[in-house]
Structures are given as structure tokens and as C-alpha cells.
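For reference, the structure I am asking about is given below.
All chains are identified by letter, namely A, B, C, D, E and F, in their written order; residue positions are counted from 1 within each chain.
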Amino acid sequence: MRPSGRQTDQLRSISIETGVTRHAEGSCMIRCGDTHVLCTASIEDRPPPFLKNTGLGWVTAEYGMLPRATHTRGRREAKNGQTGRTQEIQRLIGRSLRAAVDRVALGERQITIDCDVIQADGGTRCAAITGGWVALRLAVNKLLKAGIVTSDPIKDHVAAVSCGIYAGQPVLDLDYPEDSEAGVDGNFVLTGNARLIEVQMSAEGATFSRDEMSSLLTLAEAGTAALVDAQKAALA
Amino acid sequence: MRPSGRQTDQLRSISIETGVTRHAEGSCMIRCGDTHVLCTASIEDRPPPFLKNTGLGWVTAEYGMLPRATHTRGRREAKNGQTGRTQEIQRLIGRSLRAAVDRVALGERQITIDCDVIQADGGTRCAAITGGWVALRLAVNKLLKAGIVTSDPIKDHVAAVSCGIYAGQPVLDLDYPEDSEAGVDGNFVLTGNARLIEVQMSAEGATFSRDEMSSLLTLAEAGTAALVDAQKAALA
Amino acid sequence: MRPSGRQTDQLRSISIETGVTRHAEGSCMIRCGDTHVLCTASIEDRPPPFLKNTGLGWVTAEYGMLPRATHTRGRREAKNGQTGRTQEIQRLIGRSLRAAVDRVALGERQITIDCDVIQADGGTRCAAITGGWVALRLAVNKLLKAGIVTSDPIKDHVAAVSCGIYAGQPVLDLDYPEDSEAGVDGNFVLTGNARLIEVQMSAEGATFSRDEMSSLLTLAEAGTAALVDAQKAALA
Amino acid sequence: MRPSGRQTDQLRSISIETGVTRHAEGSCMIRCGDTHVLCTASIEDRPPPFLKNTGLGWVTAEYGMLPRATHTRGRREAKNGQTGRTQEIQRLIGRSLRAAVDRVALGERQITIDCDVIQADGGTRCAAITGGWVALRLAVNKLLKAGIVTSDPIKDHVAAVSCGIYAGQPVLDLDYPEDSEAGVDGNFVLTGNARLIEVQMSAEGATFSRDEMSSLLTLAEAGTAALVDAQKAALA
Amino acid sequence: MRPSGRQTDQLRSISIETGVTRHAEGSCMIRCGDTHVLCTASIEDRPPPFLKNTGLGWVTAEYGMLPRATHTRGRREAKNGQTGRTQEIQRLIGRSLRAAVDRVALGERQITIDCDVIQADGGTRCAAITGGWVALRLAVNKLLKAGIVTSDPIKDHVAAVSCGIYAGQPVLDLDYPEDSEAGVDGNFVLTGNARLIEVQMSAEGATFSRDEMSSLLTLAEAGTAALVDAQKAALA
Amino acid sequence: MRPSGRQTDQLRSISIETGVTRHAEGSCMIRCGDTHVLCTASIEDRPPPFLKNTGLGWVTAEYGMLPRATHTRGRREAKNGQTGRTQEIQRLIGRSLRAAVDRVALGERQITIDCDVIQADGGTRCAAITGGWVALRLAVNKLLKAGIVTSDPIKDHVAAVSCGIYAGQPVLDLDYPEDSEAGVDGNFVLTGNARLIEVQMSAEGATFSRDEMSSLLTLAEAGTAALVDAQKAALA
């Protein structure tokens, strides 16, 4: 049995609330159970230096946690000096979102997705990707509406979910009590079309088999499909 | 006329919502018009090193802005390398709250007040003090209820408001459009009993007279009295 | 009685010696009792980046303490990583001096005022402002004499003094033994014409009334008038 | 055709030379084609602070590149301020090796694996894991021989290889020209017993299917089996 | 001819004024022509961590320049992030002074010599050593007088001077105009007894012969003898 | 007797292997006994900013130690935050090599010599200079061969050796056991023509006489002559 009483293939309750801050070009608050992440998209009219005069745009992400998003108070992190974990997460978010973006259609501009964890209960990086995509979508809609961008640079939905082996069982969407006990856990990023963008599975202490890997992927496919539905509902 | 259409002595609409995050010992979201600040209080069982074996407790604060709390995206800041402005603000918050705390009654522990600006429209440091006091009050209530602290270490309310000279007129509770135009502006921190804790008035470009200083203080007395009422209502 | 035997409204003995270093465009050593601050003004022919092509000049300040200016040895500080206290002080010095400068008349150049405390006995930030103004005046005189600047950009004198409530009494120009005991203390920056530029009053532990605030301001008006006289004498 | 002329399932030539530095408790130079990594294992008699009095040991890794290991000269990196890429890599190396270590048997000590890339031609992180395991094995052999550790804490071999989709084809052991062109690439860490420790697949620009993922894993199983044979030969 | 009109073997005018700051255990202002360095000695009752329980004391130095000690304004430097030049100089000062100290007689304490250049005109590191020794001597005198140290830990005077080849001629005590033109220059640290502590000669652009090296050393012997006399006079 | 059994004037066995890495424009591994340093030369087509439009080139050096090059594991160092020792060493290497370079003939380009200590047994900075010169020579040969530089900018060989007073005797080429015991030690950098480039002698604890200085220099002249022969052999 899972600590939350959920079925092995059951997601936490999801809510995605859009338009939550005045200044950002796109924003949402995503809540996956007790994990709450504020995602904002900020458009800059010029690309990062390495893309000058290439005709290509860029999508990047930053990830942060409010100091008391967790059980014990953590430290604020700046752009220089982030922990390895934070850097891994924000690189993952950026890479995942870019996989669904046509950078020629976007043109020479940069969109920064800030994902700030207001409250954490496991799965924050996956919530950040799923919510970050919504903020990105809203910001790009603005560009399209204003005629600044004429062909939609977003090729598909992007959503992410964690799966792991908890108490010997493959389970979907780990919360913190499960995450801290799981011998194997993975993050899966998929498109709306069920194509894979990123798979990260790792074992600390235990190891896993090809079959277990396959089971987790099957759970992830169902989970991300439901998350894509939630994205669509939020944007409707 | 003020850009917002308010009277010269009119505060923005205030709301203080308590208990907004699961993990913190005390928390609130304070909204002063379009300025929204999430305040959390985190208790640690031991004091900072310089107070070891003194019998005294400590209250300190950290202040941050989400990158897109403002019109243009800002940088994340860590504990080392914060701008001078951020350091000034968090030192002010800590000093202001400590002025109303009996550190002997608190005992050898530390309470950290994190004030994270979710959305900014001027007056963030004052909102942080007013909301930070509520978070502190809630955390101390927990200590009292658990019998860890037996005599209430909080001696009075603490609330803060900005006033300034805008378009030649003394006005209460500057919002961003006013703040960026005002030749003189000040922050006033007062107790529930209308005693002064901190007065900071500064002119860049203009200078001001003793009489103008006095008018601003009169506005601040009325403004903080109303904020103290809002604190009481939120805690009721 | 004050530890130094001074009257409540008595300044420490002041001396301002100009031209103390060869290389700086303006310099003085200001001694307020046992507080000694070396102030230099350095002119750069171009403004800081944010003022390029605006026609405006800039005056900024840096503040430092020699490691053994104080009772116990302190740490050297660089531009990045200064303590909050140091940053607050140098921001205050810069803001105070700019309030008396016509930045159009100064033109697109920058003057940096370095205030290095050689020996500290309380009131270093106020001594730095009063002495810093003299260094600025001397540097601007050079620009005027050379015809680089044709209309005097300095509109008035700027001088600063601290006042506080020590042993229940409002007193002028706190030295270190008083400063470390005072429940309330303030820094007042005024022009030669007795207009206010900056008022910073703060209480740690105690609070204060409107009347006490008023008494301190009266002391400060007399104190800064005497400091302005000392500036005039030094420049004569 | 691959740029190197290799078959799609062909590893680069491998050599593992042990005992290459005097001071380290274990060391080897691993050469996978033109990728050369010096791996050393350093034993410390005490565990990291977070493991004090737990009875558990720790294995950790640091990864570096000599400035001219690559086509264009790079920057030296210190422990603080490493790039996100470097941190990701060294976290992966440490996690991978720990998965095969019985930390109770190791006891309260720490082994640090330094992996310094002398020359880079793709696949440095995988070479570091495969070579790092050999250095770790040699250091642990010393502990066993000296009777400091009595039961072998290493449970199995650990080896890693990259696979990717290059020019539409799944290929084993990408070199730099392939790596910089591949739309999808992955790193696979397996035990001597063909159990999975870590799978990291990512797409930038392209996406991939479940079947492609499966093909890459099949290549990786064969590749790591050959690498484990090379480890055995080097230690024989 | 030298720019200053001095003979090739002529020192600049020297003055050493002791007791220039209130707080330091020993202090002097040394003036070698237009090079002015404030030297203070600060005693700490405990040695640096690496000397705990060894019975040995430590003497160390820090070197700094006020931002406008030079022709163009420089940057403040903190303990972390000092330039290589600054670190070289302060390591040299510390090493030079320790060569004349009996660290057993000093006992487990640390004396820090701060050398702050108020005005620079070449030869600042040598002035810092010569003046630093006086500050050290005064601080140790205090320890002896108080009976905290019973046997004099200072074995001899230490003084330093620069020499170089300027316009083809070996000259003593280079000032800035000479220093910036000299093809070869050296710093020589000697004891009161004319024993060598440190010799640093370097050429950038030119090279030098054994004979030239010998001539410079002869000049340095005479120069440091005169500096030792100035030390004695200052302490008398 | 020396710990190694060498004569007082006997160098350690030397080997210089060229062309050890693919990417660098010049490279060698120099082995002086158990001290092994990998030296690479990297050419950049533009000079450092301070030499733009001067027609002059630049040669600079960076020095590093692999973490386990020494008996106990050390820390990685980046360009910012290197220890004073590291900075001194790399400044010495750069200065020494530049002394033999005609910077006009080199033209507006920069050559960076990276000296990475793979294994340390004393004398690493001297080995770095001697090996660094070989890497520089090879890189410049490439520029000459390609016709990018037409007149040879290298005027002479540069080689370095340490000497010191060990057990009362002047000895050549100290290894680590000698270095850690020597009361006086020096580094001598000479040209192929036996001209001096740099002499650094220092005593910690002891002092030395003019005669001892002379003996060490005599040893160094013979030692560097042998090292120059080894350079020639390696390049033949």
C-alpha cells in the first residue's frame, strides 16, 4: 500500500491555475497534490549571445525553492553557486521544453521559464516541466497574437512525471514519503504524442532490470497523457 | 491626483491570509494592493553562534524577490552576494521585529522570517514587516501552545508603511508609479502602541523640510494603525 | 554625564586637513575626536554605463575600514562581498552627496569618493559624509579651474552627524562608548541651508516617541551647522 | 557509415593501465580510443560529516578536464563554481559506483575517485565510471590486504557506455564527431551482472520512441559486458 | 641621472613615526620618500589552527592599498580574491619577519602585521617589511612588559630595499618612475646583522649577469644598514 | 648524504616526451625523477585586451596540480580563487618564458602554457618552466611552418632548477624529502646562454650568507646547462 492510499497507477490530484502574476508574459501555479510550483515565462527581445545572428531563438529555465518550501529551511540560491541538484533540474527543464520548440519559428528571442517551488512534496522537477510548458504556451500565444511571431513555434505538449519502485512495486507519481524510500526512481518527459524526450532512471543502493524499466515507462505514458489533458483544460 | 485615484491619506486594500504553507511554523500571504509577499517563520532550536549560552533568542529575516515579481526579470540572489538594497531591507525587517520581542522570554532559539515577494508594486519592505510580524506571531503561538516558551516574548504589534512627497503632496502608502516619481520617500515602522521603531527618510535630488517630515509621520501613524487592525483581524 | 565629559549638545573637536595625498583630485583627513577618516575624490572622464548618452554625471562612494581601525582586528572587504553594514553606509554617503549635486552641470563623468577609516571611535559614516563633501568640493574646483566644467555643479554644503538617546538623554555626536549603549540612534544629513537630505533613526530593544525624534533633530541642526563652518574654514 | 569506420555495435579500442601514480591508493589510466582519463582513488580514514557515527562509508567522485584536453582551451574548475555539466557528471560517477558498494562493509571511511580527462574525444563520463571502478577496486584491495576492512564491500563490477542515434541508426560508444551530431544520446551504467544502475537518455531537437530506447539498451548491454572483461584483464 | 636627482647609492629620505593608531598593539607610519605605509601589529591570544598544541607562535602579514594610493584608482581587495601580486607581497612580508622570530619564545599566539599603503611611489613591499618590523617590535615589547612573554622572541632587525638596473646602471631604492622603466629589479631582505633572508630578482624583457646581481646585492647591504639605523632611531 | 643517494651536484634523471596530446599546438610530458608535469601550449589568434593594437604578443601560464598528485589529496583550483602559492608559481612561469620571447616578432596573439602536475616530488615549478619552454617552442614552430609568424620570436632556451642548503650542504635539484627539510631554498631560471632571468632565494627560520648564495648559483648554472641539453635532445 502507498502511504497516500493511492493506486499504483494513480496520479495525485492536479490543478493548473493560469494568469497568476501581473508582470510575466505567461504564468501558472501548478499543484500536484502538495507540490506547488509557480511557473512564469519572461520574453526578452534578444537571444543569448551565442545565438546572435543565427536566426534561432532560445528557451531556458531556472528552478528555485523558497527557503521554507520544505520540512527544514533551506538556503536561497543565486545563479552562481547553485547546487548540483538545482543545476541538473533546471538544465533538464530547459532541454525538455526546447525539444518541443521550433527555434527558427521562434526567431531571435529568449524565453526564460522560472519555476519556483512554493511548497514541496516530491516530484517538483516534473511539476515544473508540466507547468513550465503552460507558461511557455501562454507567452508564445501573446507573441502570436501581437503578430511578432507568425508561425507557431510550439510543436507539441510536453509533460513529465516520476515513477519508481516503492516497496517492490512500480508506482506512478511519487510523493515525498515514497521518494525518500524508493530504491529506484525515474523521471520521464514525454510529448503530447507520447514520444520520449528524456528518460532518467537511477538506483542508489539497489539496481533494476530491463523489465522493471519497461513497467515504469508504461506507467509514465499513462501519467503524462493525463497531465497533457490537464494542460489542455487549463488553457481552454 | 494620485495615479491610483486614492486619497492622499488612503491605504491600498489589504488582505492577510494565514496558514498558506504546510511546513512553516507560521506563514501568511500579505497583499497590499498589487504587492504580494509570502512570509514564513521558521523556528530553530538553537540560537546563532554569537548568542550561545547567553539565554537570549534571536529573530532574523531574509528578503527575496521571485525573478519575475517585477516588470522586467531580475536575478535570483543567494545569502552571499545579495545586493546592497536587499541587505538593507532584510536588516531593517529583522531589526524592526526584534524591537518588539523580549529575547529573554524567547529563550535560546532562532526564528527566521522569510519574506518572498511574489508580485511587486512598491512598498515591498513595509508589507514584509507587517506580514512578517503575523508569521512570527503564529510561530510564537505554537511555541506557547506546546509549552516550550511559557511567557509571551512578543510585546506589541509591529507594522510599517511608506509615505512620500508625490507631486508636491505628502501621500500615504506609495505604489510603484508614485515611488518611482517621488522626490522624497520614507519608511516608518511603528508599534501597535504608536511608538516609533524605525524612521528612514531620504531624498535623491530634492531635499525636505522639518515640516514635511512631520506631515509624513502623521500619515504614517494613521496608516500603521489601520495595518495593525488588519493584523488583528487576520489572527482572529 | 557623558563618558567623555561633553555637554549633551557638544560636538567632539573637529579638524579637516586638505590635500593629504598626492594622487587624488581631492582629499582630506577628517578627525572627529578619535574618529579619523581619509577621504579622497577620484574623477573618471566617463560616467557609469547606465548613464551613457544621458548628459548626466554621477557621484558614488566606497567606504572601508583598515583592519585595525577598531578595538579588535576586522577583515578587509572588497567590492563584492562587503557586509550589509558597509553597503548601507556607502550607499548613504553616495546618496547624500548626490542630493547636493547638479548632475547636468557635472556632465558625463563620475566622481568616486573613497572614505577609509584609519581609526574608529563611533560616527564614522557621518565623518565620511562631512569629509567626503570636502574632497568632492576640491575635485570639482579642479574641474572648474581647468574649464572642463563651466557651471558649479555643487549646490550646497552637505554635512552629517549622529544623535541618540544615551542614558535617557538626547545627545549630539555619539562616540563609541555612547553608541554601543544607546537604545535609539540616528544619523542626520543636512545641507548648508539646514534642509534635510536623509534621516535614519532606529531602535533596537527600545522604541521612541515623536517628541524624542524632534529633540534629536534639533541637536542635529546645530551640529551640522558647526560642521559646515569647519568645512568652510578648511577650504578657506 | 560512422566517421571512424566502426560497426554500429563496435566499441573503440580499450586499454586500462593500472598503478600509474605513486601516491594514490588506487589508480589507472583508461583509454577508450582518443578519450584518456586518469582515475585515482584516495582513501580518507573518516567519513563525510553527515555519516559520522552511522557505521556507513562513502564513495564520491570529482571530475575535471585539463584545460587543453579539448579542441579549444577550457577553464579550470574548482569545487565551488563548477559548471552544471561537471556537477552532473561527477554526481553520476559517485552514484554509479556507490550502487555496487556495501557501505556497511566499507565502514566509516571515504573514498574519493578523481577522474581527470587528459584528452577528450567523447564519452568521457562513461570512461570515468569504468576506469573509476578499477581505481576503487585497487584501493579497496589495499584495505582488504591490510586487514582494515575484512569483508569485501564491492559487490559487483560497474561499467558504462554511451549509445545514441546517429544518422538515423542506433550506434554504440559515440566518439566526439558522432556525439556532436546525434539527435538522441544516452548513457548506460550496468553491473557485471547486467543489472541497470543508471539510464539517462535525452533528446535535444528530436524525440525518440520506445523501440529506439530498447535498441540502445541492447547495444549497451553488449558494450558494458566487453568493458567488464577489460576491467578483469587489467586487474589480473 | 636618476629622475629624482639622487646618487645611484642614495636612499630616499626616511621617516618612521610610531604609535600612530590607538587600538593596535604596535603601529608606525613609514615614509620612504613619497611611499607612505601604515603598519599595525595585532596580537591574538591563540595561534592559527595548524599550530594548536605545538607550542609555536605565528607572525603573518596582510598588505593592502587604499584605492587612491596610486595614479589611477584601484580596487579594494578582500582576503579571498586578492590579486596574485598582493598575495605574493604579503607572503613575502610574513616570511621575512618570521625569519627573525623565535616562535618557541613567542608561544602559542599570533601577531598579524597589516601594511596599508596610503600613498605609493614604488618600493611599497620593502617599506612594508621595514615598517612592519617596527610595529612587530612594539607589539612584542608590550608582551614582554606585561610579562606574557618572558624571553624576547625577536632575534634581529629585518629591513628591506629594492635595487635594480636603471638606464644601464645599478641603483638603490627605486621610486615609481625608475621601477616602471627598470629592465631588472630585485628586492632584498636582510637582518640587522647583514644576513640574507630573501632575494628576489627578476627580469622581464632583459636578462642579467652574475656580476650585475652582485652589484645590486652590494647596494642592498648598504641600504638596509641605513634602514636598520632608522628603525633604531624611531624606537629610541 | 642525500636521501636519494645523489651527489650534491647531481640532477635527477630527466625525460622530456613531446607530442603527448592531440589537441594542443605544442605539448610535452617532463619527468624530473618522480615529478611529472604535463605541459601544453595553446595559441589564440588575438592578444589579451590590454595589448590590443599594440603589435605585441603575450605568453602566459597556468599551473595546476591534479588532486592526488601529492601524498594527501588536495583541492582543485580555478582561475579565481587560486592559492597564493599557485599564483606565484604561474606568474613566475609566465615571466620566465616571456624573458626569452620577442613579443614584436610573435605579433598580436597569445600563447597559454598550461602546466599540470600529474605527480609531485619537489621542484614542480622548475620542471614546469623547463617543460613549458618545450611546449612553447613546438607551438611557435607550428606558427613558423605555417608562415603565420615569419621571424622566430624565441630568442633562447629557458630552463630552471632549484637549489638549496640541505643538512648544511649546498645541493642541486631538491626532491620533496630535501625540500621539506631545507632551511634555505632557491629557484633559478637561466637562458641557454647562462644569463639570469629570475633568482628567488628564501629562508624560513634560517638566514644565509652571500657566499652560500654564490655556491647555489654555481650549482644552478651547471644544472640548467644540462636541462637545456635535454630540451635540445627532446626536440631533435
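Assume contacts are C-beta pairs under 8 Å (C-beta built on N, C-alpha and C of every residue); 3 or more make two chains touch, one makes a residue touch a chain.
For clarity, every value in this text was computed on a predicted model and none was experimentally measured.
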Next item on the list: Could you name all chains that are in contact with subunit A and with subunit F at the same time?
Entry: D
Item checked: Minimal step count in the chain contact network, subunit C to subunit F -> 2
Item checked: Label of the chain whose CA centroid is most distant from the centroid of subunit D -> C
Check: Looking at C-alpha means, what's the farthest chain from subunit B?
Finding: F
Notebook entry, point to check: Taking A-B as the reference interface, which entry in D-F, E-F or B-C shares over half of its contact pairs by residue number?
Noted result: D-F
Margin query: Using mean CA coordinates as chain centres, what's the gap between subunit A and subunit D in Å?
Written below: 28
Next item on the list: List the centre-to-centre spacing of subunit C and subunit E in whole Å, with centres computed as mean CA coordinates.
Entry: 33
Margin query: By the touch rule stated above, which residues of subunit F touch at least two different other chains?
Written below: 80-81
Next item on the list: Under the touch definition up top, go round the ring from subunit A by way of subunit B and list the chains.
Entry: A, B, C, E, F, D
Next item on the list: Going by the contact rule at the top, pick out the subunit A residues touching subunit D in the complex.
Entry: 80-85, 87-88, 90-91, 95, 98-99, 186, 191, 195-210, 213, 217
Checklist line | Contact footprint of subunit F on subunit D as seen in their complex | finding: 21-24, 27, 34, 38, 40, 42, 44, 62, 64, 66-71, 73, 75-81, 112, 114, 116, 118-119, 121
